[in-house]
Structure formats: structure tokens, C-alpha cells
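In C-alpha cells below, several structures.
Both complexes shown next keep chain A, but they swap its partner, so chain B is in the first and chain C is in the second.
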Partner chain A sequence: MAPRTCALCSTAKAMLKRPKTGQQICRECFFYVFETEVHNTITQSKLFRLGDRVAIGASGGKDSTVLAYVMKTLNERHNYGLDLFLLSIDEGITGYRDDSLETVKRNQQQYDMPLKILSYDELYGWTMDAIVEQVGRKNNCTFCGVFRRQALDRGAAMLAVDHIVTGHNADDIAETVLMNIMRGDIARLGRCTSICTQGEDTIRRSKPFKYAYEKEIVMYAYFKKLDYFSTECIYSPDAYRGHARAFLKDLEAARPSAIIDIIHSGEAFEVREDVKATQRVQRKDPFSLCWNDWFMCLSETCQRCGYMSSNELCKACTLLEGLERGMANSGITDRGRKKMEADGPTPNNLRTIPFYNPPSGNPAVTIETLA
Partner chain B sequence: MSTISLKIEFGGGLELLFANQRSYSLSIPAIVPTNNRTTPTPPPTPDQPQEPVETKPADVTYLIHHMRDHLLKEREELFIEDDTVRPGILVLINDVDWELEGEGEYVLKDGDEVVFISTLHGG
Partner chain C sequence: MSCGNPQTEQDALMIRRKKFDQARTCVKCKTNSGSIVVRYAVYCKECFFPLVASKFRRSLEPTINPITDGPRRRGLKASGNLLLGLSGGLGSTVLLDLVNRTYFKEPSTENGIEKPRGGKDHPRNGSVWAKTAVCYVETCSAFSGVRDKTEEIRAVVDKYDRFDFIPLRIEDAFDNAWWENIGGPPTQQEFGVDVTNEDLFLSTFATGETDSPVSCLKNYIASLPTQTAVPSAVQTLTRLLLLHTAMMTASSHLLLGTSLTSLSISLISSISQGGGFVVREEAQEEWTPRMSVDSNTTERKAGTVRTVRPLRDIGMKECGIWAWWNGLHIVGRERFPGGRQSIGALTKDFIIGLERDYPSTVSTIARTCAKLAPKEGADSICLICERPAQYGIQDWKARISIRSFEDLSSASYRPSHFPERIIKTSPTTPNPPRSPSLTPLLCYACHTTLTSRSIRGTTTNSSMIRRQSVPLPVWVNSRFDIDEKSNGEIWARTQMKGDQMKASIAEFLLNG
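And now, the complex of A and B:
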């Protein structure tokens, strides 16, 4: 078979087929269109302002590694004027997070960006290893999800950043749309697809890779020889999400536009107000898989730690109290919580999370700089 | 019987299924059974006479079966599905997306390098 030439420059040899368009393009044109599409997403959604301090939520995995590289590239190429930081959360998972953090530390050197690592251990006094030892493997993702979300906001506040960007890609968003449909969670659909969210007192969060296909992110990392870590979390299996993922990949194999089509469906859903009202009640269940929808119901602050909350106590404080009182699983359901309350008042000497001060200007920590 | 030498490489965590080894050099026959059988056909017996075996030049589909039968150490369903790689695994032949090379039908040449990358591991 004679080598095909690139559909864009008509000179170099085509190296990949774009899933979104079917176009066959060369390596250099691929870099250019991939980066330019992310740039267009950023400018069309007006994600940043000149001088913004932006933290990249960095796990060491492919998405956040490519995101850090592309953000640095675009910031320099288009003079966004951003101060970029890497923010990593150390959940305390031996053999998984410790290794991936080594990757993030190398990225810090390679990309010349300041890095802040905040650990569950320093924030909550519990590592995921210790939590799993107490709660088993069934609900551990609940703890991890609640703790990570709050840790990211707190880490961002320490860095005094205006904005957190995460590596969620088109496949992730399509997967979340599918899961919300399958769970009947119609009210969440629209918000899950929104590129940027901000509630009162929270730090803006956005997803510059919202329209970037996973295949292209991996190809980009491969052709650029970026250094990323790829091992499944040893505690992870969220079976439901796994099935949604496999289903999505099957759809994509049959028709590559399926991913963007699903995102568009999520965006186009308009939910009638009366339907939203009934959903709002159910939404009190805080264990959403969608990162965005929390803000909607978080109007108060936690009486114990100052973080946004829809109840007197935020979810992390509730879970932590359960752990500390040796009733770990009672923090998870409303029923369990009532049982814990009935069991007696909160002991005075209970370990708590340091009080949360929403971002106010100056960094509250010294940032680890390059050696 | 002539053979071809290949180099294969894994990325994105796929190496975990292959004894955690990132790259392998291997030789496969240049002509292989059309049904992708990678082990010798059993010798003929009186009631099961040897059927003539249909053959084809070794292609990537055959390579995938060879890898499953001889290199894969665990959880075959995470690698192979319906006689091809599982959706979500990217394949590059000499650094070119295999979708441009005819995917499984690409006929392997001596010295080819084939890379398999999983996209399914967390971001």
C-alpha cells in the first residue's frame, strides 16, 4: 500500500486517522490541529483572564500530563499570561499514587511548573490505605471521591489560584452523560456537559479537553513521548462506570462520532422546570459522579470546617466522623448518619479538618520550587 | 519454513497483561493458517484424516492471536475481543495508526514494529 499523504498539508506522510473527522493527517499537522482545537475551546468559552493563576489538577496519568504540556504550550504561544501550577492530591495508596506522584514530580521538572502536593493524611489524618482497611472495598470510592474534591479546592486555596483545570476528556464526559441517563438522573445531564462551573465561594473549574478524544490524547502523548503513568487504581473497580466505558468504546468502534454526539445530546437536553423540582430533592444525595453538580446545592458552609455544604456538616466531615468513631459506613447514608447521631453526641476530642478559608489573594503556603 | 522477525511494544498499562514487560522481539511464520491457529494442527488419526490447511501471509490479526496464545499472561478478555484487539486499544504499525494500514489485514514484513497502547487506564 502506497503511503498516503496528509489531508491538511498534502506533503508529509499521514500517520493517523482522526476519530472525529476521519481525516488522515501527518504528525506535525496533528499536533497543530489538536492544540488549536483546545485553544479554540479555551477562547470560545472565555475560560481565562490575563494574569489568572491556574492550577492543573495533575494525577500523573495521560490526560493531566498532556493537559499540562498543552496548557504550557498554548500559554506561551498565545500569550494567555497565566501563572500555571501543578496541583496533586496524594490519597495515600501504596503502589499506585506514590508511583504516579513520581511522574508528576518529573513533570514539574520537565515543564518547569511549581508543584503542590496535598495529602489525605495531612488534611484528614487518614490515608486511603487506612480507610480501606477499615471500610473494606465496597464504599472506598465514596470516601475517595468526597475527600479528593475537597482536597483539590483546599489545595487550590493554598496556592491562591483563580481556577482549576482538569484533564476530563470527551470520552469521560460522554461516559458521564450515559451514566446519568442510565441512572435516570435527568437533571444532571446538562450540567455535566458544561465546560466550566463556579458556585459562590468555590474556585472555577473547567475542562479544556471537553472536546478532545481520548484516542487523540493518547496519540499526542505517544508521538510527543510524554512521560505519563498508567496503572489502574488498585482499589478502583467502579463496575458500573467500567461497563459504561466498555459500551462507549463499542459505540465508538462502530461510529467514531458517537462520543461527540452523546455530549451534544447532553448539552441539548432541556429539562422542564417541574421535572427539575422533583429531581432537586433527590439531588440531596451528594455522591454524584458528576463533578459539576455539587455547586447547585451547596449554599451553606459546614459548621465544623467551613467548606461548602448543603447540610450542617459537609460530606467530608460526616465521613471523617464515621471513620474516627469506628462507624465508618454510617457516614455514607442518611440512615447510617441518624444511627450515628443516636449513638451519642460527637466526642469533643474528635479529629477535624482544618478550617477552610476561601481563596483570598496571597498563597497560604510556600510552593515547592524547582531544586 | 521462512519466518519474519518483529518487535512489539506495549504502552498505557497493557504491559501488565504481558508479564509487565514493555517490549518483545519475536519471530512468526511468514505463512500462517487462515483460521489464525498458532499451534501445530494435531497429527491425523484414522477417523480424522488431515484436512488441507488454508494459508495466508502473516498479518496483524494472526499476530494478535499469536500474542494471546504465547505471550499473554492474564485476562485475555482485556486484550482480544471478536478476533481483534478490544476497543480502546490503539495499534501503531511502524508508528502509523493501524487504521491507515488496513488494521488486522496488514501483512507483516520482516523488521516491522507494532505498538499496542491501552487508552482505558485512568487519566
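And now, the complex of A and C:
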């Protein structure tokens, strides 16, 4: 049987079947369409302005490794005029983060981008290994999520960047749409397909890979010979998300466009106005809210660390105090909180998070640059 | 430190709740021993029947009067007749029984017939619907090896003396005789579509040139690119056949036996196939016929048909218990051959599995989707499914997945291997005249059904496709006409009724 020619250029030999469209295309055309689609996403959504300082959230996994490569390529090709940085958070999970951080360090050299690694240990005085040792595996994701969110903002503030881009791909977004429907999380469902999230006085976060299939990201890394670490967090036994992920993979096998079809669905609907109004009345606890709602509530700053908060203390400080006083549940359950209140006031010698200085335009840290 | 092995650590997995919350006594009467557990609550047999009946009425009755959720103190009075869609499955059989018991059965007491409150002529005691019919659409022609169940369904309906039976066949969707019989305008020209191209170019053939309705149906099914598309297409054809029958029978309401479980399945399945824009219509919809109806064939002027799913708060398990305790005969529905890997079937397996471990999830899905609305106004009505279609669909598709290099000449960057001569010549080469396209007239989900392919290759059965141009359902044919004088541009055509014309100029009329 004669080799097929590429369905796009009709000249080269087809090398792959594109997961997103099923077309048989050549390698060069695949690179072109993958990069151009990301470029279309960036330009249509007007993600960047000329001269923006942009931090790429780099974990060393496939998504962020390819994102760093593509961002650098597009920045040079289309003259975005961006200053690109790599920003990594080291949660302190032995065997999960060590190897992938090595990948990030290699990316720093390959792409000639400044890198900042901020560790939980450095910022909070606790690694995730130590946290799991104290709290067990049941609620450790609460700690990791709150700490990472704040760590990324603090890292971005240290680099004085305007924007953080993350490697969330189409599969992640489709999975989140399904998850939010199944658990009835209306607030998140209304916003999970947004490409960009930003609150007042906060750093913008966006997802340029919003329409990029996970399989195509792996394919891109494979053909470009980019190295990355493929690891699943050993502390996240989220059985429910596992169900949703397996279901999505089945749907994709049945019809590859299912991923993009779910995202289209998510973009086509919104929460009804009367439901939104009811939610606004019911809104009490800002920490149970999604990212955007959360910022809307955060009009004040934490009295202890200066980070945005609607309460006297921000969530990270509350969780940290619980850890330090050996009452980790105090930041999670009402019972735990009451127990800590009954235990007396906060001791003076408690370790706290360094005071937060919002982005000022000048880097507040020395960035690890190439030797 | 944790070893991460769920077998040795209990908190590594979500702990399953007990099947019922407190005691085995019925939560309603608190005296009898429970017979059924419904989402952790225990009910006895005596309390179960009024529970289901009240959920049924609570879902249906706010939609019966012309103004939805309006006052019902003066009683229930629909503006037209009633059509029930019966598939032979569990939900629709239970629905038939519930409708009969609630609205058509004489109330009886131990001493005989009870006098209705206020007398039988009181408006409150009149029939809610003047006439009621049950419609069954036989789909066996779409699949090989599936038997015809029309007579079995007829036997089920015959048990109820108040219901007329209207049997239809799925191939009626391609039958001009059926179309004209329900009052549709005679078709001058029939259209076929080229499914091998995403633009879905149209071609015409004269009336009479087409094959029999069964051949057209088989051709249409065989042309679909994935296994997922087949049940979706059959579902759409069935829905439109029911709606047109409702219009023909002057029905204001079309009731479907979609249970809570089935509703959650269809919501997730629809969202997974790009139907997010019409998520509201999956639960309840108002359909206005786009064709003009001959007033001689219908008693009621063609108005809006309200599709209601009164079992939307009743789970499949409750329906099953209702049918079992009432001795209802379920004819059953067959899964179409090879359909286990379709999105609908996968969703069904997923939701039913989920319902076992997390029973509240099914109702959460339905309740969450009930809180959603389409983001932007509808651009038009899809020609195939006759539901609202969003604008800018094709631009969106082209932006997020590049499928051709047609516009490469204007791109700021081009792939280095792409021959420059082709780029240079392409814009100056005049495009050959093209046929009109169906694509801009479809919603996202219908376009995806006709064009989205599987990575494993197409399921399109070329030996079954009798011609390159695949026939379209009769309501699509009647909706547009090609204006040959304007370079093949397609015009959607709707015959204007007198009151529609009057409504459009009402503000300029001085005498109302």
C-alpha cells in the first residue's frame, strides 16, 4: 500500500493521525497547526500586552515543559515582546517533585529563561511530606492547594511579573466541566472554561493550552524530543476525579471530538441570573469559593502575612497555625477550630509566613540565571 | 509516612455511606416497616405510591396551564390535547400508568363512585386535556436484526381505554406521504448532502427520484461517521416525529417518560456531544412548528408544543418498583447492535455505576443543569433538530482546530516545508463554483454528529450508501429552497400566517 500523503500540505508523507481531528498529517504540519492553534488562542483572547512579564508555571511535567517551549517559540516568531520566566513550586514531596525539578532546571538552560523555585519549606517551614505525616492523607490536598495558590502569587510577586501562564490542557478543562456538573459546583462550573482569571489587584492567570489535547501535547514533546517527568501525585487519592477522568478517556475513545465538544458546551452555557443572585445572598465563607469569587470577597489583607483575605487571617496562615500547634484540623473543620480557640491565644513564638508584598514592577529576588 | 496503598489505609479511599440513614421504619408514616430505600430514606409500600404520584404531579402540573408556574387555583386546563411518547421502556410505561391513574381514572371509594367536589360540571372537575393519544415510533428499520414491537406496544396501550394509539415508523422521517398527511407543504425539490466534506455541500434531485423511505433512512444511517452518531441521529428523528405528531393532533403537551436517571444520562451525553447550548431543552422545551398547517387537517391552530418530562424527579429504581408493584408489562427497548461504544451507552453505564456508589450524584446532575442557561442569544434554529443554534460555530471550530491550509496565504508565518509555489498560486486561482452548504444552517451538535470522525476510522458503510448525496429528513427539505438566480445561495423559507404578519406590523396598526 502506497504511503499516505499529508492531508494538509499534500506533499510530505503522513506521519501521524491527529488526535483532535483524525486527519493523517506530516510532522511539520503537526508542529505548525499545534503552534498556530495556541497562537490563535492567545491572540483571540488578547492574553498578553507588549512588554508583559510572564511567568510560566513550570512543574517539569509534559504540559509545562511543552508550554515553555511553545511560549518561547511563539514569542520569537510573532514578536509578542514578552519577558518570559519559569516559576516552580517545590511542595517537598520526595520522589514526586525532585526529578521533575531537575527537568525544570534543564529547561532553564535550554530555553535561556530565568528560573525561580519557591519551596513550601522556604515559605511555610513545612514540606508536604511533613504535612502528610501530621494530617494523614485525607485532607492533605486542602493544604497543598491553599499553599500552592499563595506560593505562586508570592513567587510571581518576587519576579514582578504581570501574568502567570499554566499548562492546563483541554482534557483538564473538559474533566473539570464534568466534575463540576456531577458535584453541583455551580460557581466553578460558570467559570471553569474561562481562559483567564483575575481578581482586583491580583496577578492574571491564563491557560494557553485550553484547546490543546493532552495526547497532542505528548505527541509534540515526543517529536520535538523534549524531556519531561510523568508522575502522579502520590498524595491525591481523589476517587471521584478518577471516575471522571476514566469516563472522559472512554468518551474520547468513542469520539475524539468529545473533549472539545465538552469545552464548547461549557462555554455555551452560564449560571442563570436568578441562581447567581441567590448565591450572592448565601455567600458567607470565602474559602469555599472558586478563584474569581474568592478574590471578589477579598477586600482586606491578612493581618499576619499581608496576603489577600476577607478574614483577619488568610487561609494559609490559619492552616499553618493549626500545623504549628499540632491541631491541623483547625483550618478544616468547625470542631477543630473551636478546639484550637479553647486551647488559648496564638503563642508569640509561632512560625509565620513572610509578609507579602504585591507586585511592584521590580523583581524583589535574585533570579537564578544561567551560569 | 504513608505508603499510599489503599488496601492498608482506609482513608486513601472515599468511604461508602450506609444504604439507609437511621432505622428500617418508614420515614413517612413512622409505623410500618420499610420496603424500599430511596436515596438513603426508607419507605413502606403504602407510602411509596403517594410519594411517586406527588412527585409526578409536582413536576407536571405547573406546566399544564398555558402560563407556566402560573396560578392553578381555578383548576388545570391545557390549551390543547395531550400526546404521550411511548418507547416501551420502563419510564414511558410508568408514565402511561401514572397519567391514566391521575387524570383519567374515576375516583372511587369503598361505597362506589365518589361525587366530585363541586359537581361534575365544575370547571375544576373537567378533563385537563380533551383528547389523549399515545405515539410509538418503531425504529427497527434503522438497524438490522431488531424486531418490530409495534403490536406489543399496541397491546399495552389497548389496556387503557382512554388513549388513541398512533404508531409511526422511523422511516416516516423520509416519507413525503407522511409529511403531506400531517399537513406539511408538498416538497418541490429534495436535497441530499455530501457527508464526506465538513461543509456538507448540498445537491438536489427532483421529487420521485429518491429511493423508498426505508432506503433513504438506511442511507442516512450508513453515512454517519461514528457509532455515537447513530443513536443520536435516531433520537433526533424520533423527537421530531413525535413533535410533528403532537402538532398534527393539536396537542399542547408532549409527555415523555424520562426518569431522573435517564435525564441525567441524556444531559451528560448531550453536553459530551456539544449540546451545552440547549441543555435547558433537554429537560423541558417549547417547540413551535415552523411549517404552516392546513387548518382542515387539524382542529387546533398549530401552536407551541410543550415537551414535559414529568418523571424527572423519580429515579429509575422508583420507576422499577412502581412497575413491579403495579404489575405493569414492560415491552423493553433494545440497544442497537454495536452501540455499546457510543457516547450515550458509555454515559449510561457511567451514570448507573455512579448511582450505585454515589446515589445523590444523579439528582445533583439534573439540579445543576437546571440552573444553567444559554450564554448568548440563539442565532437561528437548526434545520435538523429544530433547536436553537448558536452563532459563530464554524469560526470557533476553525480557530481551535486547523483542518485546511486554505487561508495560509494571509498567515504571518507558514510552515517551511510547504511549497511556496502552492501558497503563491492559491489566492489567485479562482475557486471552482461550489454547491450551497448545509453547515451554516446546523447547530454545533448536529454538525458534529454528521462530521466528527473516530480515530479508529469512519463507521460509514460505503456499501450501504447508495449515492454520494445522502437524503435529508422531510422537514429539512421543506425548510429551504435554492435561489438559482443568486449563485446557489440558500434561503430558509417560512410561510407567513396572517397573525404572524399582523404581529410584525402591529405597532403601526391604529385599530389593533
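Some points to look at:
Everything below uses one rule, namely that the second predicted complex is superposed on the first by the 347 of 371 C-alpha atoms of A that agree within 3 Å, B and C clash if a C-alpha of one lies under 4 Å from a C-alpha of the other, contacts with A are read in each partner's own complex, and residues count from 1 in each chain.
Please note the rule applied: a residue touches a chain if its C-beta (ideal position, glycine included) is under 8 Å from a C-beta of that chain, and two chains touch if they have at least 3 such contacts.
These numbers come from a predicted model, not from an experiment.
With chain A as the common reference for superposition, the partners chain B and chain C occupy compatible, non-clashing space. By the touch criterion stated above, A:E175 is placed in contact with neither chain B nor chain C. Taking chain A as the reference chain, the count of touched residues is higher for C when chain B and chain C are set side by side. Contacts of A:D250 after superposition on the shared chain: both chain B and chain C are touched. After overlaying the two complexes on the shared chain, residue contacts for A:K17 are found with chain B and with chain C alike. In the superposition on chain A, A:E324 contacts neither chain B nor chain C. Contacts of A:D90 after superposition on the shared chain: neither chain B nor chain C is touched.
Of note, the Cα-centre angle with chain A at its vertex and chain B and chain C at its ends comes out at 70 degrees, rounded to the nearest 10. In the superposition on chain A, A:G167 contacts chain B only, with no contact to chain C. Legend: residue contacts after superposition of the two complexes on their common chain; A:T36 is shown touching chain C, with no touch to chain B. Superposition on the common chain A brings chain B within a closest Cα-Cα distance of 6 Å of chain C.
Residues 17, 250, 253 of chain A lie in contact with chain B in one complex and with chain C in the other. Of all residues in chain A, only 8-9, 11-12, 17, 19-23, 26, 28-29, 31-33, 36-37, 40-41, 44, 77-78, 129, 132-133, 136-138, 177-178, 180-186, 189, 211, 234-235, 237, 239-240, 243, 247, 250-251, 253-258, 260-262, 264-273, 275 touch chain C in the complex they form. Contact residues on chain C toward chain A in their complex (touch as defined above): 1-2, 4, 6, 9, 11-14, 226-228, 267-268, 270-277, 279, 341-343, 346-347, 350, 354, 358, 361, 364-365, 367-369, 371-375, 390, 396, 399-405, 411-419, 422, 444-445, 448, 452-455. Against chain A, in their complex, chain B makes its touches with residues 11-13, 16, 86-88, 90, 92, 95-97, 99-102, 115, 117-123.
If you check the complex, the residues on chain A that touch chain B are 1, 4, 13-17, 24, 59, 61-64, 167-169, 172, 214-215, 217-219, 222-223, 230-233, 236, 245-246, 249-250, 252-253.
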